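Two complexes are shown next, each including subunit A; its partner changes from subunit B in the first to subunit C in the second.
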Partner chain A sequence: MANQVKEVSIGDVVNRSVEFEEDLKGEIMNINVGPSHPSTHGVLRLKVELDGEAVVKVEPVVGYLHRGDEKIAENMTYNQFIPYTDRLDYIAPLANNVAYVLAVEKLAGLEVPPRCQAIRLICCELARISSHLLGVGVYGMDTGALTVFMYTFTEREKLYTLFEQLTGARFTTSYTRIGGLARDLPEGWLGNVLNFLNQFEPVVEEIDKLLTRNRIFYDRTVGVGAISKEEAISYGITGPNLRASGVAYDLRKSNPYCGYEQYDFDVPVGSKGDCYDRWLVRMEEIRQSVRIVRQAINQIPDGPWYAEEAKKIYAPPKSKVLSSMEELIQNFMLVTEGPQMPAGEVYFEAENPKGSLGFYIVSKGGGVPYRLKIRAPSFCNLSILPQLLKGCMVADIPVVLGSIDFVLGECDR
Partner chain B sequence: MQDEFLKGLLESFEYLEERPSKDWPSVKCLSTRLLEFLKQMRDERGFDMLSDLTAVDWQEETPRFTVVYHLYSTQKHNYLRVASDCSDEEPPSIPSVTSLWEGADWHEREAYDMFGIIFTGHPDLKRILMWEGYPYHPLRKDFPLAGKEVELPAADVAEATGEKVRPAPMAGGPFHAPQGGRMSASEPRGSDESWNEKLEKPTGE
Partner chain C sequence: MNYLPVLIALIKAVLMVAVVVVIAAYAVLAERKIAGWIQGRYGPNRTAFPVIGYIPILGKMLTRLGVFQPVADGLKFIFKEDPIPGHVNLVYYFLAPCVAFIPAMTTMAVLPFGEMDGQPLVLANLDIGMLFLLAVSSLGVYGIILAGWSANSKYPFLGGIRGSAQMISYELAMGLSILPAFLWANAPGSETGMSLFNVVQSQDQLWMVIWQPLSALIFLVALFAETNRLPFDMPEAETELVAGYNTEYGSMKFGLFFVAEYTHIVIGSGVLTVLFLGGWNFFPGLPSPWPGGWVGGVLSTLWFLLKVFTVVFFFMWIRWTLPRFRYDQVMRLGWTVLLPLALANLVLNAIFIALFDNWFV
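Right, the complex of A and B next:
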């Protein structure tokens, strides 16, 4: 067949014979990307079918990090589960802590004092900055721009220092409690955050200058991996990825929690939903988060930082536990039986850095949930991969993966 | 406003039942009319996003499994919870909603994996979090927290190493006091006692 000469003019593609089309089709090659591969950001495995450079079919395989978090939750009290939420989206553990306790507080019908809300909000937004810094940093690496990663990780390191001052841990923060927080803000911490923000803002602009108008980055991302509005909604994609597709969906605006309605911020929305738009949306969200944190610090309320009246839910301060009988009993009951919840069902979603993190809790009363389902944004965001990568080039795979910014700890639970 | 919405729904669809809920409007739908109802919700009431799909195992009750859908409207920003009981047989089954939302694909695979619910009409119903060939459905209430001993998924590796998978012992799992009864009568203990210092780890059968 190789000796046969065929004349085909460019533009004649539609009319080419079936026989010739068969010639063009190479042998399908199966390659296996991951589960341990730098561009898969964790343990995602892709079974890829290639025709030359073109991707014919992709099948993501997840579950390598499955730890049975939902089963574990059914076997422990509400407070005991908080450390497990650190390990969902481990890039932004503070945001998970807050989302989980908000869901349980919704079940209890409990509202925390304004100071507690403001502290939680600052936590959420710092977690968003931290997550997006990792997101844009490794996204840059995936497209071949190594330098951005160095910039963002220097800044993340400073954020980790702030988290350590606040919670005692850099990574697994477990800072929130049902009905409050583990402790109040340490002295001078807000000042440290302000100092960080002051030197951070110029760095964001530097990162922006490095890539946003970079010709190579442009060529690799514009028009690649575009998700349409309808597709994104049908797949249940949330967070920056959905906003990049042009849907102004932000739970902080539409279903506010933690007092988000008191602050002034914009929701960036993309137009084409391609990889480049997802970059732009994340960069802008970092700036908006800085704006929110500044406002929150300026008007942080005084007063109690935990729900004092919720005696069956929040453990009293240690000093009182050691000196007063009633508080001692309270503390004992809370530790052994867990915070007491009414029977019922709730579903709560919070706008996390990766998308909407949802908790569906079925309670039959008592201190242990009957069923706790975690709606993980990365799980939903990844489900579009087979559709998104079909027809891409091999070299686009890491770019698309980087632009989606997922975490397998959350996807696999 | 939400009450009115729920009332309107119950009036226009006679096969719906109200469910107790602490937050969003919640209805129970017959599984035979489920697809029709969800399609109407999506096309006419603006609930365009399937936020979450999951199942609950009620243990002794019949029917044992309920599938719960959380719909979200990206226009009106509210949720609707729709629950539907699976057929009361083994394996339980319910119609798939993948024809309405592409995103339901993975959610249904997960519910199948964890509860063993068959979603009829699903294009490729297979395990997603556990591996292909795993024999149990771990989120069922009768599955012990400690897990059950199974063969290593890769038979050739097992043969070469002579090892089975050995999970770390949890000896009854995380500890808390039992609900109800006299506190003085019991030490805090794990709620799942299928594997502790005295009992052997449960085997396959």
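Right, the complex of A and C next:
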């Protein structure tokens, strides 16, 4: 009897000490970062498990911005879908417009005139500058440097003014059309772009001075969120994030479109694939984009700015529609039935600011796609988050998110 | 019994609190204006005050300068709805803003801000002024801990933990960095103690920052950490913890945290000025030209305030320029860099004084 009592009391002590040790280890805290959080840039939600300040597990939850763009595309003509592409990567709508029409033109086997190509290329590169400016600015803000964000936004504001002069809209540009553009360049616009670039380059250097060699920024980003070459490829990461990991893969070089092969530019490549490399790659890409735009402006060709011979695809100019019977009918058919495409399947990828934006189109002929699939670079880039953030500190979450530079509009589609 | 001295002391105290709160409120405005200046924008320039705001040229100018903005901010804090989340621990939830605010206000009692006929202008010229200041200001951390803990919410909790760890760590380095200043101020054999007024007087010939740059630097860095300013704003790091320890606070309770933070900055700048920048001394090596009487008092106070505002400006300049440290980096800097450095600095100074004290006496 006495023995039994003794045993029980010993057991209690052991249990209590076990409990005490368990208590010392603490418990895992579940915390929601997002969907509305200052550093998730949109509606990304991260289910984070924390052990103190250390991140144990991260599960990204996407889809808060899902609008069913791919299904919407099946219910409208090819041209009608262009405004929806504005809302994919809404930081660089012009680049999306171009990528989409290039995919449809590939389906139609259509070649646009050189002037149209050059204008599209300038649009793409300006969009890249705009997107990377937001990327580095927000990245800076995520590390706590708020001023860089304001500097980049001042420049983006000027870019928006340029976009407004070009397309009539600051944000949702919808500038391209299948087989051409909505309109030719406004008079003097290229001069405005050159003026912008001239005053823009010193600003890039200033941003560089503020953060690139800043000791705190350096400590915050070097070695944080490193993606190896193999990982980057296996997760399907594209764009600056892939190049920061040391893979020199750029669709503008490997599969040139819009006449990228005519221009001289470098593809910056990182070595370690950490947050700092991603910063460096973006900063360098901004400079290279400036270089490309300068070349394109210097040698912009004259001539038609839409495919004149593609009568079933590109609507004729309004003046002709109002004065000539044949063009009136052509316009009517295009508006009611959409640009006529052959049956077939096509996949086209363009090097967008965030990565490779791909459109896979299945056509059964006529003016409406049978199926349209969008390969969103942000979605693929975000897929590495659970692995990337494991073992980081809480303070690393915004830094890694900022360095990956994603847009949820594109990710959720 | 004569109540007059008590009454005068009371009036002085109320005046002092009013002045410091106004300075803190305008420090907020200054922050926003300086942020605007640094970031290439205007800052607040729309808030107009009835009557004064509509005086032809002057009103417009004041509006552009945002002079009425703190008034509007204060009114907004007072009249906004004050939601209390259902999951908070009510007692500590209400206590936390007070605990943050009261020490920030109390520290000013021992801070001398001028000199009149050889007497310090200060609410209480304590012999242990610096000790009192350290003791009271270190109570401010309880505001952050209580706020983080009582909110029963995860982001404030993380902010509270960070804040307490950071402030306790940096208090050590801060305490050690001011000791050399007092070692030098108190020449061997003197009986000045820890009075802040005597520290200022001892800097008549040479400002401490020139003589003790390392101590000044450590004190400055620790001050940034103690006031939770960027690059050390761990407790409320907005891109990580939304708003940190005050996430669940709204209305005037948040306002108290806010005012307390800026009061800390102003008082901290004052302490830095007193300890290392010669207080109201004119320039190193020059005798102070303040005449006797109240004119001298006012002039020395203005000169002191000018120095304080320069330091406050420096605070803001840093905030809008540098990124934020990571939590572990803050800890590493505090424990492995600043603390050994401050210790070594103190020991070396002590040895130096012990060996060569005869040179100076």
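A few comments on the model shown:
The rule is simple: the second predicted complex is superposed on the first by the 388 of 413 C-alpha atoms of A that agree within 3 Å, B and C clash if a C-alpha of one lies under 4 Å from a C-alpha of the other, contacts with A are read in each partner's own complex, and residues count from 1 in each chain.
Criterion: a residue touches a chain if its C-beta (ideal position, glycine included) is under 8 Å from a C-beta of that chain, and two chains touch if they have at least 3 such contacts.
Small disclaimer: the values here were computed from a predicted structure and weren't measured.
With the two structures aligned on subunit A, subunit B fits next to subunit C without clashing. With both complexes superposed, B is the one of subunit B and subunit C in contact with more subunit A residues.
Look at A:300: by the touch rule set out above, it reaches neither subunit B nor subunit C. In the superposed model, A:162 makes contact with neither subunit B nor subunit C. In the superposition on chain A, contact is made by A:395 with subunit C only, not with subunit B. Look at A:146: by the touch rule set out above, it reaches subunit C but stays clear of subunit B. Once the two complexes are overlaid on the shared chain, A:185 sits clear of subunit B and of subunit C alike. When the two complexes are overlaid on their common chain A, residue A:68 makes contact with subunit B while staying clear of subunit C.
The least CA distance from subunit B to subunit C in the superposed model is 18 Å.
On subunit A, the surface touched by subunit B in one complex and the surface touched by subunit C in the other have no residue in common. Touching subunit B in their complex are the following residues of subunit A: 62-63, 66, 68, 70-72, 75-77, 80, 106-107, 109, 231, 233-237, 247, 249, 254-255, 333, 336-338, 342, 344-349, 356, 358, 360, 362, 365-368, 370-371, 373, 375, 379-380, 382-384, 387, 412-413.
Every residue of subunit B that touches subunit A in the complex is listed here, in rising order: 20-24, 26, 48-52, 54, 56-57, 68, 70, 72, 74, 77, 79, 81, 101-103, 105-107, 110, 114, 127-131, 138-139, 143, 145, 173-174, 176-177, 179-180, 183, 188, 190-192. For subunit C in complex with subunit A, the touching residues are 35, 38-41, 154-155, 158, 162, 230-231, 233, 237-242, 320-329. Contacts from subunit A toward subunit C in the complex involve residues 29, 31, 37-39, 50, 53, 140-147, 150-151, 154, 210-211, 214, 216-217, 219-220, 393-398.
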